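The letters A, B and C name the chains in turn, as written, and every chain counts its residues from 1.
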């Protein structure tokens, strides 16, 4: 039996209207043999189990915003579109917890929560259009990371379908829980290596009373680092504190200079105090300009970081090196900006093809400083040539994969696991 | 070999015997929370459960339950305990550690010569026949005084020291400098006009021999505060060291002697300027609880015992003119003052009232200095480790005087300062107050 | 008369135990190995009721020594059990199948505090409070603050994913750990995570934290620090009953202000703590809430005002605010010493650790009190109310025949109540030995099998801290309850 006939057999497992156009699900230029969009958990179970026993490779997909992440797939038969699973399972505003299905978009989720003055503090690239499943499976940090707790910190439990169709839960629905091994942490950031996430429970936060975005224009990376540091040390209620190279500033709609971009949150008195502090520190550093800017600046940068057509690198460096690393990337032709608290620097290559050499140079730079470089998006050729992850511990990953997906049904090849 | 031991370890006979056996109800209070560990000097030094309060309690409970035999090695862990009772202060559950340890040692002693380590027998011999006998003690200190005064000590510590074997030199370095003449006054020591009350002073065993100045200062201060002070000549050693070593029998004998002596003196309070002695005397009630003739009297006696700092702080002592004592001072809380008698603020109140005195607190003022009675000799290594940490702490304060309230601590600290070349003097709190009173003239 | 067969088995055991000890001594040095039977008794416990003597105890001071000890234990085929300060409340550090206990207390160096990058690198035996104190010198804070912080080790905190009063706002240990050096069950040394947050790849760090010492031994830890807040306000809200106070908890949080800490102490606790510690809790209160808000001066002012109003509206008799740092410290001292203080008012007590959704608190607390009264026991409550993390402490006397069994049954009933209310069987103490049999109440057979796979993937076999977390495992599964009973048959200490 060929792959195609096997795949066709899956189609008959679900009602006819679940089939999707395979061309829309191409990854790295390859379309699957079949694309299905189940509507219930049970349908997911059926598809996954059938794919597994037929030896097919299945790729769960949400909003398809992060398909150029990880090693290129070595095989791709079935696209499983999760967006049909998009219900709120349980939401108790007074508990500040919610359980939702994984195919719901973050935007829809936020709308539901906002009605009760709550939100999930996550600002992943490219936008709130990502699905909850994708948000967890990619676990990409944004500008808010380490100012407010993020998705990694707030996920309380996950329901996942294992390759053989078994439904497994981990964690629970309470905000504090140490019962058993935290499988939800294993799924978080795993790019669907171990199971298809169908449901997740989050701890929520109250929405800030209001927020304000401000920018400080600086003479140099050094002075930007300096002022950013001092502001960070004031323990202001910030939600983001980033250093933008001139190129990134331009994208963000700011004058093309080195900029410190901040987002503060709180009531009027608190915001006034923050703005005051920011102006004062800017003056101390003789920054040419400081003041409020349109809130869209962060949104634009976020979108840029999530452009899968471009090469996007995330460098992890200690906070004290963020400005320098941003400068380093800029000098090598990248549009770069960095988040101080998270120690993450995003470097986007505007031309389509990035040379492996330059990625390696940036990686070496980050490593020398105790950090790392992850390729968040790049053409398949580059991701085949340079390990997108940079993780030293491979043995454990391989044996986890062997335990959870022995026949390599899910996302085969993403982790270059030796299964 | 996949199982650990769970049964008893070759159990040969009853672990604890006699009426002093630790009480299950005392031990039951220990919930194994470990909160006492970080305050225990021997745990800090070793990072080892067996040298911790929780571990020792567990061992004692093990012996009591018949799960383990009190072998020499097990008793070694009990022996390494300083009995500083810092663990008692830290314990949120109110475990009476000091009492449990004394009981455990006592009931091991009750097993007789064959049932206890030889060292314990030796120690009790020393305590009974030297420490508890004023005459013997006086003779020994007399010899010491000759040794110091003759200049031999300074020769040995100086030029000759270089040729003496290391071991002998170390041993010698423990010998105190016995320079001053001993305090031998008894009877009425002070009789101010219009005395506010009558108090007695415990002159003790080693104290008067080594630190006569502290007694003189105590008497002068009490005199100035308007108290008649007496020292009953029949009094003797308080028995603290005997209790700690588990020689309850000797301790009881001494307690009876003292109770009678002080009852006879008819005083309002029995004042003690050695924290260790005070702590022990406050516990005479429990010590003699099985003695029908003395139980009540002992309790009554114990109620009248006060530490000198406790007593002074409760008087309007700052109404008497105080003169300046311009010194940088730090304070070491004697374990048996802070942990056993729970007195911490009294000495500070006194020192803080002294004009010109600059107080610099230690990081851990209530951590043991390693003196612990005979401990510094019996467990020399551990004692030195504990002392080293203390010296470092003192050095950080920059103080030139360390105030304390127990002769054992004074000796240990002086020793430490001398051997490490630190220029810090040790003074009793009451000596500083006395100096202040005298400076007011 | 001794059975000759048994004697020969014992001799054989002793021979192999001696061989084990001498190999360990050769590798780690004599002063770092305990092997005498009467010494091993000091490592048969943690802060629970479980007891079992190990075959040897080692005190490594380097990663290499940890690895060497593991390799030797593997060669002898005996279990390995990591141990910090032994304050665990789940029996995690008890060598229930014997073997080698690896004590990390001598690896207690703070290697580095980098105030600029806000990270600290420490060895696993560093005491939580000591790290806090050192960080404070730089105006920084390591957020996880378990009540046992004055003695528990960071290694133990990692293993149990410890929480504390401030978990409400800052999250538990896992949210503050960046990277860990781990010696795996086969002795191989690896590094999980990174010095920089959000290392790429599978979050092996996240899986390890909270694995209760079953996946390896942590030998070096890099944690994230944060700046101390500009202002803190600590309040004590006094209520007539624990039910009313529970209602207030939910009301405060759902109003949009999340305090950094929100702790409950009931009357039994107040009466145990106050006479000993004199911290200022009113003896006649039914319950008090200890509430803390922090941030900029401006927001603290507003938040505190909000909390006071909310408490009043929910029926608080009085809300006091700590006026000085000393007063604040005192209020906290009462909280931190609270559990221990129960020991002073009851010969024994049994601490439970359950979690329920916050909104269920009033109902659940009423039920807890009813169940305890019905069983004839007093119950003292001191817990992280903001997180819905209960700690009912059942007081009893082990010397009363049958009491212990009744207490265990009551504990089971309360756990069941938490589960039925949508909660969990442990919020911070862990599953360890104590709660293995409850795991089936919250996880399906498939869930548990998946968890077993994690363990298998780590290659822990059955020898690395055996019988912990999962209800089954060769030779430990079914025996668990019987084991506990057996321990209870002799007088022991209960937490």
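Methods note: a contact is a pair of C-beta atoms (placed from the backbone, for glycine too) under 8 Å apart; a residue touches a chain by one contact, two chains touch by 3 or more.
Since the structure is predicted, the reported quantities are computational estimates derived from the model, not experimental observations.
Asker: Viewed as a graph of touching chains, is the assembly arranged as a line, ring, star, complete set, or other?
Answerer: line
Asker: Please name the chain that ends up farthest from chain C once chain centres are defined by their CA atoms averaged.
Answerer: B
Asker: Report the inter-chain centroid distance for chain A and chain B in whole angstrom, where each centroid is the mean of the CA atoms.
Answerer: Their C-alpha centroids are separated by 64 Å.
Asker: Just curious, how far off is chain C from chain B if you go by their C-alpha centres, in Å?
Answerer: From the centre of chain B to the centre of chain C is 37 Å.
Asker: Express in whole angstrom the distance between the two chain centres, defined as the mean CA positions of chain A and chain C.
Answerer: Measuring from centre to centre gives 32 Å for this pair.
Asker: State the interface residues of chain B toward chain C in the complex, per the touch definition above.
Answerer: Spelled out, the residues of chain B in touch with chain C are 1-6, 9, 24-25, 28-35, 37-38, 47-50, 55, 58-59, 61-62, 65, 67-69, 71, 73-74, 77, 91-95.
Asker: Show me the residue ranges of chain C that touch chain B in the complex, using the header's touch definition.
Answerer: Checking each residue of chain C against chain B gives 13, 16-17, 20, 34, 36-48, 51-55, 59, 76-79, 85-87, 95, 97-99, 103, 105-106, 108, 125, 127, 129, 148, 150-152, 276, 337-344, 347-349, 398-399, 475, 490-491, 493-495.
Asker: Which bits of chain A are touching chain C when the two form their complex?
Answerer: Touch residues, chain A against chain C: 92-97, 117, 139, 141, 145-146, 149, 152-153, 162, 166-170, 172-183, 185-186, 188-190, 193, 205-206, 229, 232-237, 266-267, 269-270, 273, 314, 316-320, 342-344, 370-372, 374, 388-393, 395-397, 399-400, 402-404, 415.
Asker: Using the touch definition from the top, list the residues of chain C that touch chain A in their complex.
Answerer: Touch residues, chain C against chain A: 114, 116-119, 160-161, 163, 167, 171-172, 174-175, 184, 188, 190-192, 194-204, 206-207, 209-211, 224, 227-230, 250, 253-254, 256-258, 295-296, 298-299, 302, 355-359, 384, 387-389, 422-431, 435, 439, 442-444, 446-451, 453-459, 469-470.
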